[in-house]
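So that you can tell them apart, the chains are marked A, B, C, D, E and F in the order they are listed, and the count of residues begins at 1 in each.
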Amino acid sequence: MKHVDEYRDGELARGIARRITAEAQPERDYRFMEFCGGHTHAISRYGVEDLLPENIRMIHGPGCPVCVLPMGRIDDAIKLAARPEVTLCTYADLMRVPASGGTSLMKAKADGADIRMVYSTLDAIAIAEKEPDREVVFFAIGFETTTPPTALAIRLAQKKRLRNFSIFCNHVITPAAMQAILETNEGVAIEGFVGPAHVSTVIGMSPYRRFATDYHKPVVIAGFEPLDVIQAVLMLVRQINEGRSDIENQYRRAVTETGNGRAIDEMAEIFELRESFEWRGLGEIPRSALRLREKYAQFDAEQRFGVVTSPARDNPACECGAILRGAKRPQDCKLFGTACTPETPMGSCMVSSEGSCAAHWAYGRFRQLERRKAS
Amino acid sequence: MKHVDEYRDGELARGIARRITAEAQPERDYRFMEFCGGHTHAISRYGVEDLLPENIRMIHGPGCPVCVLPMGRIDDAIKLAARPEVTLCTYADLMRVPASGGTSLMKAKADGADIRMVYSTLDAIAIAEKEPDREVVFFAIGFETTTPPTALAIRLAQKKRLRNFSIFCNHVITPAAMQAILETNEGVAIEGFVGPAHVSTVIGMSPYRRFATDYHKPVVIAGFEPLDVIQAVLMLVRQINEGRSDIENQYRRAVTETGNGRAIDEMAEIFELRESFEWRGLGEIPRSALRLREKYAQFDAEQRFGVVTSPARDNPACECGAILRGAKRPQDCKLFGTACTPETPMGSCMVSSEGSCAAHWAYGRFRQLERRKAS
Amino acid sequence: MCLAIPARVVELLPDEMARVSLDGVSKIISTALVDDLAIGDYVVLHVGYALTKIDEVEALATLELLREAAALGAAS
Amino acid sequence: MCLAIPARVVELLPDEMARVSLDGVSKIISTALVDDLAIGDYVVLHVGYALTKIDEVEALATLELLREAAALGAAS
Amino acid sequence: MNKHEPMGRKLDLRNGRVDLSHGSGGRAMARLIADVFHAAFDNDWLRAGNDQAAFDIAAGRMVMTTDGYVVSPLFFPGGDIGKLSVHGTINDIAMAGARPLHMSASFIIEEGFPLADLCRIAQSMGEASRAAGVPIITGDTKVVERGKADGVFVSTACVGVAPAGLELSGDKARPGDTILLSGSIGDHGVAVMSKRENLSFETEVLSDTAALHELVAVMVEAAGPAIRLMRDPTRGGLAATLNEIAHQSKVGAHVEESAIPVAPQVAAACELLGLDPLFVANEGKLVAVVAAEAADSLLAVMRAHPLGRGSARIGEIVADEHGFVQMTTRFGGGRIVDWLSGEQLPRIC
Amino acid sequence: MNKHEPMGRKLDLRNGRVDLSHGSGGRAMARLIADVFHAAFDNDWLRAGNDQAAFDIAAGRMVMTTDGYVVSPLFFPGGDIGKLSVHGTINDIAMAGARPLHMSASFIIEEGFPLADLCRIAQSMGEASRAAGVPIITGDTKVVERGKADGVFVSTACVGVAPAGLELSGDKARPGDTILLSGSIGDHGVAVMSKRENLSFETEVLSDTAALHELVAVMVEAAGPAIRLMRDPTRGGLAATLNEIAHQSKVGAHVEESAIPVAPQVAAACELLGLDPLFVANEGKLVAVVAAEAADSLLAVMRAHPLGRGSARIGEIVADEHGFVQMTTRFGGGRIVDWLSGEQLPRIC
């Protein structure tokens, strides 16, 4: 696969890793957060950490939209799906996320709710067209990458005059979350970010400027292939060593300074900022999420069905929150691997393949054991 | 079973049969029509003909509501069922009746129409209550026996304010059909009737008077057990021998002179006579069927869905018509047992267990063979 | 279609319903078409509705007639 | 959630749709978010939509940087 | 962390439901199989966890059969789909005069099916299989989306061994042979129908579901090759079985209605629904066609067995080029007993 | 009139549909079975029309298995549910090192299912069974109402005989053993998924569905008891199979990603859908765990067989109290290969 295989070359990776080892100052530690779950997944799946020197520590960030969605919103979606007239369409990623009372969309489906897994918003539109008697609600979640496809679906529904299509909007804003992390002083200090890949194809580089200027943190936007990540780490090490804090772009093949203007315009047309929105682990973050503009109210499932989100408490023993803030690691959670496994997740981080706990479960456990043996 | 087993006693039957043989004049034939399919069924199932002397010939009448329903009305029901919003409820008897183009309710169901078999109109009402989004249409057919339960269902739907229940009315009138048979001069002359059992529990004896007065035909109302039939035959033989043509009542335990007044009132409240209605085999018969009164129009599927019955042609080789008039017997049909079997019926008489062809297929074929061998 | 069967009323229920029994098989039916039902009565049951009561006296009379005719037949 | 993959445009279709191919696997996607697509272009494909075009020149430059860094690493 | 222990967290067998993950081939499926099926069937073959099971056999004649079970409702008076799926398949082996050895079970489960019901069914199967001495040694589980099945479907297969020299087959009936029936007919079908929502009536009739191989064993021992064939009158009832025999053997049959046992409540329920008990399904009865001279002694042997107490001689095989099954009615007349057609029976097996 | 001829009028196999009468136990059912299944499977056991079938066997070790098939769609590139139901069950017999002898087939059909599709499936089964030399000797047919199934479900069972002294089992893997794989992975699952309405993509990937018993026969001949166990990586893919082995044998495994063959189109489709080929189903591949010293020669034997041309040594069994399956990635890092969990795969078998 062109533009893929080139960035999975282990030979090159080992070369760059040696370069990192050579350039990293042995007397100090480097702590970088990869914001995106996509990076977390790549690091785990390809065993990138095995190549990096011991003094470079990757901190998994909250960049997994499934993980940061508060439980109350999953409860809302289940309530919507339970309405007899509603067909809830969702990306498969959300099916197993724990909701209140031990339920989930998967279990609600088994209980009889009409829940369909879709690959694209286009599939949800097709269902609404084909089944005019059903109220088709699309469970919209995701960062700026996933928001434009939702915006276009609403445009399409409008064009097709669909009266039975709406979205339950949970789209959130990446830079707002990065800022929230920097303003939390708990846990490990982060010295730099591996910046979002596909989010940045949409929003470009400029929204990250303030992290360099206001917080003096270097950001290197990087692709989701393992070589992209390793190269970004090298670039971060160099910025730290040189005392710089710039916004750099490793993912030049897909990300430009200004992003995708058309996508930005589409989002701006349909959505507006919410005053505030709750993120799992990060709490309420002002101006961090989107809702439909008033003129698109007919497509807004929250208005259409009078959704009122009730506060919902995560399992108190689940450390997802601290993990999402970078303050703890999966292995610090008492439930990890015992009560909490991918089959019986207690928190969202064990569900999404981009979640830190799931990644550690699926790819990383033996590493911890080996270290334990070695020590 | 009390009131059942007593009337299935073969000993008694043989005694009465001997009495019939003794009383029947050997030099002449007696030709009686049992009007009802219920009688036809009893005669076949219990082998009553084996007991009767050769010169008493039972002619199967048109008293099977399934058999006399013209094909166009089955087509109508299939069209109703094919409407996506409609759930058609029907007595199971109708499922395999051939409709135009080789189809049937059974095949329409297999093709995806929402057709449910019910035991009672009460079941259809329950479905309408439970599934308010469906247009529940009850395929109402039957003689005066089956009409009061339909009338009561409409009363109940009204009381429950059901807006999604209607009936496709095909109820027909027994005496009108008996009269039509007497006015057809084709085929075998009928000398007397074994008169309807359960129809008469509702309408009583008086509607048959004109057959005695105007047509000079004896009628003996009889129950549906084999001894009832045999006794009625004896009573008919006696009337013939004595030159009488009276309306007699063998089924006194359930039939009174005036019938069931409450049931008659219920029917009169809901239904009115159609000017004319088509009967399979008998053609258009004036004032022979019922429709809903205007004040119950909301429960009338014909009005609600604009049913317009198209003329439909039975298979031209099918002799159902002549058989229903008593002019031919199943074994006179070229299709009997070859193209036409209960699995692949060509006419309605092969479908209903009260149909002459089905009865002959299921119970009578060997008798014909034995006669053939004997001759 | 006119299939009907005698069943004994074993319990009167609200809304003109009743429980009937047929040799130990019991079923709830509508009695809205029949007046003055009592427990122990036999009714003619058709598509879930009682059509009429069975008259025990007439039933015995009919059986008597049947037996007479049969006896005559046996004698003949 | 942000899973996306480079795919080559092999056919432009009406209504801002296109057929893309990924090593012989082909799929119809929406190109409504991307201007001026031509056959042969690579796009980043996400949940059925092209998010952006891939810049071949920048891709080559990135690979060059990677090779340089790796070569330096090998030398170190 | 998992050190070769049973996988994942225990299932909520009381309130949980089957979901799609239980059919995905992952840890959730392994757990379902272990907690529900291995627990209920309880044998080492299953616990070995292989996709097949092995057993030693002697040389001889082996018999194999399968049946699918789709009965609705799943639980009915006197049994459930689980018990039925063990008995019905054992019986098809037994009808060859063979001794059933081992069974397999394949489950197709609808998403949302209550785990408690699945356990009840599995336990019922386990009991039936232990009681019959025929272990369920291998199986398979699939889960389909809600609305793509009806709770649960079970397909079982069974192998057994036939005694040397005994080759029962549907084509072996000869004119003059006697037809024996092991007991009253219609119980199973009536028990199932009594619980159908749209028929609902109340009766004390229980399904006759039973494994007949032990009855068969004593019959084979007593009469051996004088038995031409045996068949269990399941779907389509006694009428279908007699017609199948007539069709396969190119003969006719003649039976006496008064000789065919029907329980009063079964007869009553049939009157109520307009059904003929001859067409109603049985799950613990057999029809045997046997040389006339062996009939009396075989009947005595059958009656001495608990599952054959109600056995009766119901008629005989006759020559008939048309293959008619004729019956002398209790009333004294004659009729044909045809295959079932028309009546819309609920799913009874 | 019917003089022992086939029953009733011919079915309209072109335009007809299955209706409830075809499952009622009457003449319509007999006709369906004769015209569709007997015609397609074409053997005397079935034509005998009994509820079971008999065959002679020698003394030895017998193996039995069953599987249910619920794949959607029913027809997919390279195969259909019929072929799958023959191959998949034969393969479970073959994985014991055994020779498959006879099969049974149980059909659960949804009212309204086109007869033409049923014939196509039956004929495909007949071809597969003849090609494999494993006749389908007994069967069963049920029809359920529309909306109570998904077209057709098939459950097959198979019996076979294992060579004396060979007892393959999932618990026999030992540290140091070599893991062999008979070819590329993921083809079947990708072929099926490519036809799912909500995923629809186009590829030339065909299902690898195949009966592996002949490949197994040459392997057993060549390596005999040096083979510890074999397993076909179906649902849950290679990942599930390796984890099952680790779990049953209480060992760990280590595999090399670069040694595991994946066709480029399969890899591409997986990238597109965010799947890992390790979790995608196969229907014509096997994993063999074999004593290290026999691995080279066995690999050569496998590669010489048409169904094993793509065979590869993919890793080895290691001691591991946690039962981890570890993998060195093509990239050079290490990871765990866990059971599938989470991804919502369509029904693939």
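Rule of thumb we're sticking to: a residue touches a chain if its C-beta (ideal position, glycine included) is under 8 Å from a C-beta of that chain, and two chains touch if they have at least 3 such contacts.
From a predicted model like this one, the values you see are computed outputs, not experimental measurements.
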Touch-network distance, chain C to chain E, counted in steps: 1
Copy pair chain E, chain F: interface residue numbering same or different (half cut): same
Farthest-lying chain, centroid of Cα atoms versus that of chain C: D
Busiest interface, counted in C-beta pairs: E-F
Taking each chain's C-alpha mean as its centre, the one farthest from chain E: D
Euclidean distance of C-alpha centroids - chain D vs chain E, Å: 61
Chain A-chain C separation of Cα centroids, rounded to whole Å: 74
Chain D-chain F separation of Cα centroids, rounded to whole Å: 37
Length of the line joining the C-alpha centres of chain A and chain E, rounded to whole Å: 55
Per-residue multi-chain contacts in chain A, two or more chains: 1, 4, 11, 13-14, 96, 119, 123, 342-343, 365
Multi-partner residues of chain F (at least 2 other chains): 1-2, 7, 20-21, 26-28, 264, 267-268, 271, 274, 322, 341, 344
Residue numbers of chain C (touch at least two other chains): 3, 5, 22-23
Chain pairs that touch, as defined at the top of this document: A-D, A-E, A-F, B-C, B-E, B-F, C-E, D-F, E-F
Touching residues (chain side chain F, partner chain D) in the complex: 200-205, 264-265, 267-269, 271-272, 274
Residue ranges of chain A touching chain D (in the complex, touch as defined): 1-4, 6-7, 11-22, 36-38, 63-66, 91, 93, 119-123, 141-143, 145-146, 148-149, 152, 196-199, 201-202, 224, 227, 231, 234, 250-255, 260, 262-263, 266, 352, 354
Chain A-facing residues of chain D, complex: 1-6, 8, 22-23, 30, 32-35, 42, 44, 46-49, 51-52, 54-56, 58-59, 61-63, 65-67, 69-74, 76
Residues of chain A that touch chain E when the two form their complex: 96, 106-107, 109-112, 337-339, 341-344, 365
Sites on chain C touched by chain E in the complex: 3, 5, 7, 22-27, 45
